[in-house]
Amino acid sequence: MYFASDNTAGVPPEMIQALADANKGFVLGYGNDDYTRRLNERMSKLFEREVATFLVPTGTAANAIALAHIMPSWGGVICHQSAHIMTDECGAPEFFGGGTKLFGFPGDDGKLSLATVKDAIAQYSARRPHQVNAAALSITQATESGTIYRAGEIAALCETAHAAGLKVHMDGARFGNALVRLNASAADITWKAGVDVLSFGATKGGAFAAEAIVFFDPKLAEWMPERRKRGGQLLSKHRFIAAQFEAYLEQDRWLAWSRHANAMADRLAEGLKAAGIQIVWPVEANLVFAIFPQETDARLKAAGAAFYGRRPSMLPPGIKLQSGAILARMVASFATTEEHVTRFVALARG
Amino acid sequence: MYFASDNTAGVPPEMIQALADANKGFVLGYGNDDYTRRLNERMSKLFEREVATFLVPTGTAANAIALAHIMPSWGGVICHQSAHIMTDECGAPEFFGGGTKLFGFPGDDGKLSLATVKDAIAQYSARRPHQVNAAALSITQATESGTIYRAGEIAALCETAHAAGLKVHMDGARFGNALVRLNASAADITWKAGVDVLSFGATKGGAFAAEAIVFFDPKLAEWMPERRKRGGQLLSKHRFIAAQFEAYLEQDRWLAWSRHANAMADRLAEGLKAAGIQIVWPVEANLVFAIFPQETDARLKAAGAAFYGRRPSMLPPGIKLQSGAILARMVASFATTEEHVTRFVALARG
Amino acid sequence: MYFASDNTAGVPPEMIQALADANKGFVLGYGNDDYTRRLNERMSKLFEREVATFLVPTGTAANAIALAHIMPSWGGVICHQSAHIMTDECGAPEFFGGGTKLFGFPGDDGKLSLATVKDAIAQYSARRPHQVNAAALSITQATESGTIYRAGEIAALCETAHAAGLKVHMDGARFGNALVRLNASAADITWKAGVDVLSFGATKGGAFAAEAIVFFDPKLAEWMPERRKRGGQLLSKHRFIAAQFEAYLEQDRWLAWSRHANAMADRLAEGLKAAGIQIVWPVEANLVFAIFPQETDARLKAAGAAFYGRRPSMLPPGIKLQSGAILARMVASFATTEEHVTRFVALARG
Amino acid sequence: MYFASDNTAGVPPEMIQALADANKGFVLGYGNDDYTRRLNERMSKLFEREVATFLVPTGTAANAIALAHIMPSWGGVICHQSAHIMTDECGAPEFFGGGTKLFGFPGDDGKLSLATVKDAIAQYSARRPHQVNAAALSITQATESGTIYRAGEIAALCETAHAAGLKVHMDGARFGNALVRLNASAADITWKAGVDVLSFGATKGGAFAAEAIVFFDPKLAEWMPERRKRGGQLLSKHRFIAAQFEAYLEQDRWLAWSRHANAMADRLAEGLKAAGIQIVWPVEANLVFAIFPQETDARLKAAGAAFYGRRPSMLPPGIKLQSGAILARMVASFATTEEHVTRFVALARG
């Protein structure tokens, strides 16, 4: 009953096999290899246009370096107040950006509304050179609340951002989980909707440590090799990170794994709801947020169920926690089984 | 006949097995796991004192973050002019340090002499606050010339550095190769000789991507978790980097692999010498630098031998290249075979 | 009728005289001069303890460099959401701090309450190393709303901050205006209350360009000479900035000028109130915030009165602007005359 | 007999008058004033094209911010090894540039030769993304050795730099001293020769604290207002720095003052030469470098003469110092008198 995070699950056996397969003979380092070239081509195919791909071992690095590359250090990033870049990266975007400012805004269901972004841009496009003004918009897909932006929502946000001169970054640490829920292609919810650069995560989805920074306009990626290297993010035995990403994409495994994780989250949410537990946000990806009364929480933990409590301040305005109750986050992954879910729900029911 | 670099060799099968073994069940992320705890203990045992270990996926990050942690941004680093931090990290130390300055000095056999360091400190300990003054000494073990500092040499350098208030960093990307050549323990050539922090590399020696920053005084490592996280260097599925390092150290494999690589380098150097080829620096680790006349170079490359030419400016004062000749660097690794060496030498002989 | 800012007023004649007086003969540069030494001593006398003083030409630099010196780059600064460092310095604190994060909080009358700071610390002292945690508290005296922290309030905030390991910075761009309103000494409202470092402004009060960073524990100022120099903030003809500050303090001119400015603000506020204009915050320094109906605003501007409108979002929850009305900020200075005030009030009355 | 530096001389009375004249009434801050507008126009007239001018209070800031604006953080700056940016700014260019690397090269008479720059570019235009490559060339006019680049020399250097994609910065802390020695206009030795951005100093020449960053292509200056503000370099009472620069340029005072300083340097050098003292570099600006035997040095200092010794390592290869002898630097300024020179020479003669 391990629902603490999607990074606690290890990797599917295909990942280990991929490393073993790539471990053949001598190959030049630093990305000058066929694995990397093949992955680049595959990325372009996946996104239905020529893209520039840069692999890095952590999602924090992917986000921070991508943002630093599309904006000047005196710019600000409009994001949701619970975005990973805002709350969980120990200031990496500020550091890699040379002192970037992040502007966190509230938004229902963990999403930024068009109105919020318009207001934010209006507020942070003034009083030069005294105020830090907005230079980028960063949205998370799927969000930290487990919800998903629709293609139309993304397009509207991007159009507004671009009209004001902002670039758009998408934190896709759970990009697969979002994609499989939508009747859309990877292109539809990224560059076709206006996204300029994507942090495309494979680690949560099944890789050891593989994240891709994908620039949809390769010209925008000029000098990224230097930025990545200087950020200590260029792996020497680069074939192995390319091989991980290839294995992730091969045979649409990433979509299958994401579908499975989402299905487990759905099942969990339905089970909990049926057990009278309040589910906080729509379950659209592999995350379930629920309110556990104190005794439920205690019972689950006593039985060894693993999950984290989140700040009550994340809760929507209408919801208050009873004394001892917690806002619990459960994350499903490729490794979550129906049995885990069934036992968890049974325990929650009491 | 692949001698281009020790990062071109892939990994030994034990590394793949280590990942497979660590891929059991659910484990907390970010280093809160038994693999990491065990590795930390093993490191303390290896170095015969309590150390603070931080794993990162690249050697550039290890060096840059280690240096940034032991000195202020207005400090300078005394290093050899051919040190990796000086020539091959695209300014990572400068970036992570917030604008650090590196002072590169020449030195026979790729090593900094005590006299040079004394002069450097004298020069860069003056005219506050106008001049950037020395705050750290960084030495490379084994050096970029394939030579090795003896314990006594390290101790003398560290004593001089400490007396002037500098901290000492050792870039140990090839630490194993150095260690096995010396009649010394890992402690002898690090903290017992005065080194404050070590970049202890496993990648070149056999891992996929695993480098350890080892602080010999754990107090010096305060806030390193933040610095590593913010540098985008904290792996989420951390057990797998710990498992790599553990497999590297387990059963003294790293020493065996290093010994093998060094032996292949010795064999290569001896073969080339016997073939009338000039060897430039003493072969003390797994690197061989030789001067190939134009036709030798051409013949080797035509036969598919892989190696890089290095800047003639690296050459000792006395040595001049004939027209068309090159300064060639051959690197042996755990994967180099006697047959590779034999064929290479035969080709070199012509 | 110039109430746009206290930096629009030029300087009192004593300032020009001070420069002329200091323009005698040859004097060593960079602060190695008697003017600077004398100023340092005077500062220690003023604050009733040995302090370390660093002069810089802008308030933005004073704030940014002071903050950078008392906290690590991965730390966060708790401040009021309308603090100058948050809204008006184009990210200077983030830049000088190497990617510092600022946490802006609301607070009545432009002040941070003890409860807010306690909550902020509780929120930002967790989840190492993922979250940026609070490392400093910055309060503004007088505030951007023209209000003043009492000595007891400062002491309570500092005690709370120190207990959690935070350092305390005071932005004293209008320190004189605050001081003269309180029955307190400069020491009482700074280090005796727990402030660690003060940005002590003279520019708004009457100097050309002179701000002092005052460390109340000189040990905390170690390496500040380097930080200032490297920040491009060390004036070569340093005697002239010291002379400005000396002229400012000499004969308690700064207190007299501040008293005058405050008195003009009082007079303006009383006049406006009598004219039926709503005054927003208590007038405790030299700033008056008033709500001008559209026609009042128009009439004043038509007559050449200079003042700025501020964001309505700054307004306290209860106050709403009628259509066309504005939140106006008037700033008095040493140069404001009774006649300016009288005419302004008459125009406002209509 | 004050020859320690040109920043020890105070200011000419015209400077004080200029401040007094500008101290009239209320004027908007931060450069939104007529003094600043007028200065900008004058700059364009002086340079015979539309330029973008940014005033800052220190030369270190001018250099560091100018360089940061014309190159990426992963770029390197080719400069003379004794350039001010290399030796005297405590790493400000590295800091403002986000970790820029400076490459210092030797060069006769304190000047970079075309051959050196060509070699430097060849060396630092390779091995992407591992090596920091050259992105800017910085030359000093007049140099730290008191010599001057001719228009043709500048043009050749700029052409070479531009052909390799580098931008060119000129550190003109003593720009006036260089200009008056050449039969050329300010345009001739800057943009007409290819310079992209100039640090145009007025402080050493006579101002209190006024340096101009001049972009010859205003488009290159986009976002400089933000960079300057965020660097803590935007003066609030900006009219006074504009007034200083205006007074400097008005009636060609700067040229007259520079001519005087140069003439005093000439006179000093001739006097010393006649007294048998060795002059090290051609005296082309207001600096004289001489070798003083121990007793000469002692006699001068005993009599109260002020000057600094410089590192013997600055000396040309052929020149060795006798025991006790020093390399002395004497700097003349607008304030140096013939009597100072005469007495100094008499003392030197013994």
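As written, the chain order gives the labels A, B, C and D, with residue 1 at the start of each chain.
Everything below uses one rule, namely that contacts are C-beta pairs under 8 Å (C-beta built on N, C-alpha and C of every residue); 3 or more make two chains touch, one makes a residue touch a chain.
Remember, it's a predicted structure, so these values are computed and weren't measured experimentally.
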- Same or different: at the chain B/chain D interface, is the fraction of residue numbers used by both copies above or below half? same
- Item | Farthest chain relative to chain C (centres taken as mean CA coordinates) | B
- Query: How many angstrom lie between the CA centroids of chain B and chain D, rounded to a whole number?
  - Reply: 41
- dist(centroid_CA(chain C), centroid_CA(chain D)) in Å evaluates to 35
- Task: Averaged over CA atoms, how far is the centre of chain A from the centre of chain D? Could you give it in whole Å?
- Result: 50
- Can you list the residues of chain D that touch 2 or more other chains? 30, 73-74, 89-91, 95-96, 98-99, 129-130, 226, 229-230, 234
- Message: For the complex, give me every residue of chain A touching chain C.
- Response: 73-74, 76, 87-91, 94-102, 123, 127, 129-132, 311, 313
- Task: Spell out the part of chain A that touches chain B in their complex, as residue ranges.
- Result: 2, 4-5, 7-11, 13, 16, 19-20, 22-30, 56-62, 64-65, 89-92, 95-96, 203-204, 208-209, 226, 229-237, 239-241, 306, 335
- Which of the residues in chain C end up touching chain B in this complex? 30, 72-74, 98-99, 128-130, 223, 225-230, 234
